[in-house]
Amino acid sequence: MSAETVPAPTRSYSYLGPRGTFTERALAQVPEAIGQTWRPVQNLGEALDDVITGRSDAAMIAIENSIDGGVSVAQDALATVPGLRVIGEYLVPVSFDLVARRGTRLEDVRVVNAHPVAYAQSREMLDRTLSGHGHIPSASNVAAAADLLLNDHAQAAVAPPGITEHYDLEILERDIGSNKNAVTRFLLVSTTTAIPPRTGADKTSLIAELPDNAPGSLLNLLEQFATRGVNMSMIESRPVGDELGRYRFIIDAEGHILDERVAEALLGLRRTSEKLTFLGSFPAADRTHIEVDPRFGDPVFTEAREWLRHILTGGTPAP
Amino acid sequence: MSAETVPAPTRSYSYLGPRGTFTERALAQVPEAIGQTWRPVQNLGEALDDVITGRSDAAMIAIENSIDGGVSVAQDALATVPGLRVIGEYLVPVSFDLVARRGTRLEDVRVVNAHPVAYAQSREMLDRTLSGHGHIPSASNVAAAADLLLNDHAQAAVAPPGITEHYDLEILERDIGSNKNAVTRFLLVSTTTAIPPRTGADKTSLIAELPDNAPGSLLNLLEQFATRGVNMSMIESRPVGDELGRYRFIIDAEGHILDERVAEALLGLRRTSEKLTFLGSFPAADRTHIEVDPRFGDPVFTEAREWLRHILTGGTPAP
Amino acid sequence: MSAETVPAPTRSYSYLGPRGTFTERALAQVPEAIGQTWRPVQNLGEALDDVITGRSDAAMIAIENSIDGGVSVAQDALATVPGLRVIGEYLVPVSFDLVARRGTRLEDVRVVNAHPVAYAQSREMLDRTLSGHGHIPSASNVAAAADLLLNDHAQAAVAPPGITEHYDLEILERDIGSNKNAVTRFLLVSTTTAIPPRTGADKTSLIAELPDNAPGSLLNLLEQFATRGVNMSMIESRPVGDELGRYRFIIDAEGHILDERVAEALLGLRRTSEKLTFLGSFPAADRTHIEVDPRFGDPVFTEAREWLRHILTGGTPAP
Amino acid sequence: MSAETVPAPTRSYSYLGPRGTFTERALAQVPEAIGQTWRPVQNLGEALDDVITGRSDAAMIAIENSIDGGVSVAQDALATVPGLRVIGEYLVPVSFDLVARRGTRLEDVRVVNAHPVAYAQSREMLDRTLSGHGHIPSASNVAAAADLLLNDHAQAAVAPPGITEHYDLEILERDIGSNKNAVTRFLLVSTTTAIPPRTGADKTSLIAELPDNAPGSLLNLLEQFATRGVNMSMIESRPVGDELGRYRFIIDAEGHILDERVAEALLGLRRTSEKLTFLGSFPAADRTHIEVDPRFGDPVFTEAREWLRHILTGGTPAP
């Protein structure tokens, strides 16, 4: 509107640090975050606290099949911390390198620093190459590497790729993880209530709490999606925690809340669920365009509403 | 609004005549029809033609368990004649008297005039009392009686109660039908697109044509009702008639199109049916108030829409 | 087994006569009936009575889209006459010829004999060719033609093809019906409880009576089929007749009672229906092989039972 | 069989030790385990390994809302370790006492030993009573107490009730947990394929793996239970782990595999699931008799099978 360019206010993003974590890689996929303030934090709680208190505009958190941190904790946080919204989804391939101080040879390695999950992922290679090695558990994948420069308890560390950009270390062996397709799913969460625009390749994230002792309620929940042709890409249960037998379901549905079929499913869920939390609609990480059965396309919903409106206003709708 | 009373225009109602038929009795239940023009017609086709062409404002037709005429014909007419709307429902108990010319005794009766359906309904009593009697089929229940005064082929007739108010005949035996609970259901049809107001004891009448070779389509149709807690008081199939295996379903649902749950079900049906005809919402003949499960009450639908609107406009709805 | 041939006992088949009816054509499609006794009868009631009393081994009856007689009557008879089984299904294309006494020219025709249904089917051609003609209703399609030889009230008749093989008449115009695809479906009924062998192109016929005031019961009925992948080729409702709002459903399912998926669906129906009548499994008239989704093939059912048996007998089934 | 009594072989039970754990309390509820060999182990893996290798006849493991260990690990173990069967279910109320070396007063406490989960459960009381205290994480609830006798890093410990029976400690404060209804659910697992007898208050435990990219498959799974009137007391999802988006569901259904409705549901699940594991039928911990809707009682299933058998063997079943 103005000829002068007002400098955009700096935005702040929290992520599980330090530099070099998989979470940082996820954040690097966010175009809007480039050139802004990145706040490394110690754990999920800090990241969400930054968002809730306004210290950060958004936080990147691992949500599924995580190496840097746990699924359940993040899911429970989304379910219980009020006011959070998901505004983006990102996938980071997970692989590990074996790193060491400069000059170390593979045959010198007797003890290895590794985060327990990373160690489990790399155990097969380590046992084969370094039989009889010892293992010192680290607090994080990056810390495993960083500790090599602080003390000499270990001669090598299991670390994420790219660690040598941040620490003066050498790679002894690349890609030592046993699952070559391992990937972690991350969510960018915020407190904004503005919903990212519809792209045709979106997901809608929900949490539904089921009433106690109502065996048909999960069936009913699923039917709200099925009858509107809405697929689910994820459904996970988590105990509510107050007593045995009560569950909430974390659901990712294919589509955007501005898609008629998704909005209708949400209305149906709202009517039938004990408690329903809308976490957000956002572009899916894989950007795969969703093929919608024409029976559930927007025009079908619009036409039906028009038909009903005609009847209610005394018109005779076309058959 | 004015001190002067403008004489209301006379309204015209068609019904299966002549005077004395069960259809006339149904029409007598319509308060608005009292003191207006009643047009007796020969058959269903004439009655509907009067409505379509505007000769009559409405027509009373038998629709279910009829004695005066066939269910199927009326159902097919509602399905195929465009522009018809049902605005009322009426029940008439069906019973028969055995009538005769003055002075006739039961033992004089050798031949009986009777409409075939009425004859079937009365056969048990006639066989027991008049063993060896003959039967002359009549075109209608009233004609059976009227013919007694035109010729002497028969000595008695099976006729509807009250026939002696219109014809100079005597009753030989009252209530000779075998089904003491027999009742015929009538509909008042019109071309008005104005919908009768909601009474809390309403029915909504529909005709849905199912796609060919789609085995799940009837299941889907029923689920549109079930998932909104809408009961059906009637469902009947009729072949569409163009080829084997194609059906339309005539459905009476409990509730009014202004009930949220019914409107939602109609939207769902419209979206999923090959062809859907709304025949009308109208007070049910039995005036029984419909008990609606609170889960499907209007407030539940209103609240859910409000919740969605909040989300879409950037507000944070209460959980 | 023996060198001497014992003459097979003559079998007797009842059908709606006289010779030349569409029902006779249906019976002519039954290989086993060739060379046996054919009993022409006046109406459906006689045909079924022949079977029940043992006068005939089987009867051919029109069941759907009939010209010779009504669907509803036959459906109600199958539902209420105990002990009947369907053992075959046959389709007869329905067309009409305009026939006359020898020497009659089209321009001589002023009055036409025709069964009302046949007349309705031929009305378009007759009005175009014979404008201003009169119509005398006949009791059957064959009677319309036969009457031409008994009196001269009419100059022509609407009759089924082939009528000139039985009556000394000439064809004035062939195929005068307006629906060129008209077809009538016939069933061969018997009292045998032996079930025709499985052919892979079978139908199973059922009648299910739904409980009163149970809105979900039809939904439940349909789910018994849907959850086993059993398609329905026909579903028709008929009022039970004792009071308004009670229905029975006549259903033709694709498949044979010896197909596992059909047997399972029958078990499910039996458990959930108020009243269930098995009318029979028999080869479908169109002999179209049913493509069964592998998920519902016989091996799937057999394997699951075997798996359960293993568990119950203390074995460890393969996963 | 013999007059001489052969001494019963000693049976061996593994449980998460040492003595005093909640798991030991669960084992104490098993009548058959009284007087037998109890093997305390370090973790779930050891317990299951004892069972698989035959070192123990059974192992008691925490499965839900655990304090001694994690739900997910146990669920994943049941899903992936072949040959395991659940033969019993036990509930242990979870509460905590604050204990100390003899002579310690509450005001002396500056540092507290506690398992992280127990610490979280007791945090509210500790913060109120011992503001500014420190926390040393322990490997288990029992270890927290035992360590008080090994070193003086802490002055008190959060421990399970009854710990003073095993260790020379005093109780400073009883029942300090914030959730007074906390309970842990345990399962007794074995490799026996013998199924515990039906008691009328049973559960059946299953694991079903859903096919990838099949949105309706969970709906279908739930319908297998719903259509047979089988309630679920638990359903939890767990990622299969090979790729994102694949889940297995751990399900506890009400009823015993010898209940007809449960057996039928299992057959349906077996037919429709990618992979189905039967974990066992066993008496429910709460011993609550299951009220079965008469529509799903054993006689209904037996009668339907009898009906079908009649038809298949050429009999005429009663309607």
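Chains here go by letter, A, B, C and D, matching the order in which they are written, and residues are numbered from 1 within each.
Keep in mind that, in the parts below, a contact is a pair of C-beta atoms (placed from the backbone, for glycine too) under 8 Å apart; a residue touches a chain by one contact, two chains touch by 3 or more.
Predicted model only: the values in this text are computed from it and were never measured.
A.B. asks: Can you list every chain that touches chain A and also touches chain B?
C.D. replies: none
A.B. asks: Can you give the whole-Å distance between the Cα centres of chain C and chain D?
C.D. replies: 59
A.B. asks: When the centre of a chain is set as the mean of its C-alpha atoms, what distance in Å lies between chain A and chain D?
C.D. replies: 30
A.B. asks: Specify, in ascending order, the residues of chain B that touch 2 or more different other chains.
C.D. replies: Answer for chain B, listing residues that touch two or more other chains: 223.
A.B. asks: Sort out which chains touch which and give me every pair.
C.D. replies: Applying the touch rule to all chain pairs gives A-B, A-D, B-C, C-D.
A.B. asks: Which residues of chain A touch chain D in the complex?
C.D. replies: 64-65, 71-72, 179, 181, 183, 185, 215-216, 218-219, 222-223, 225-226, 231-237, 239, 241-245, 247
A.B. asks: Spell out the part of chain B that touches chain A in their complex, as residue ranges.
C.D. replies: 82-83, 193-195, 223, 227, 257-258, 263, 266-268, 270-272, 275-278, 295, 300-301, 303-305, 307-308, 311-312, 314-317, 319
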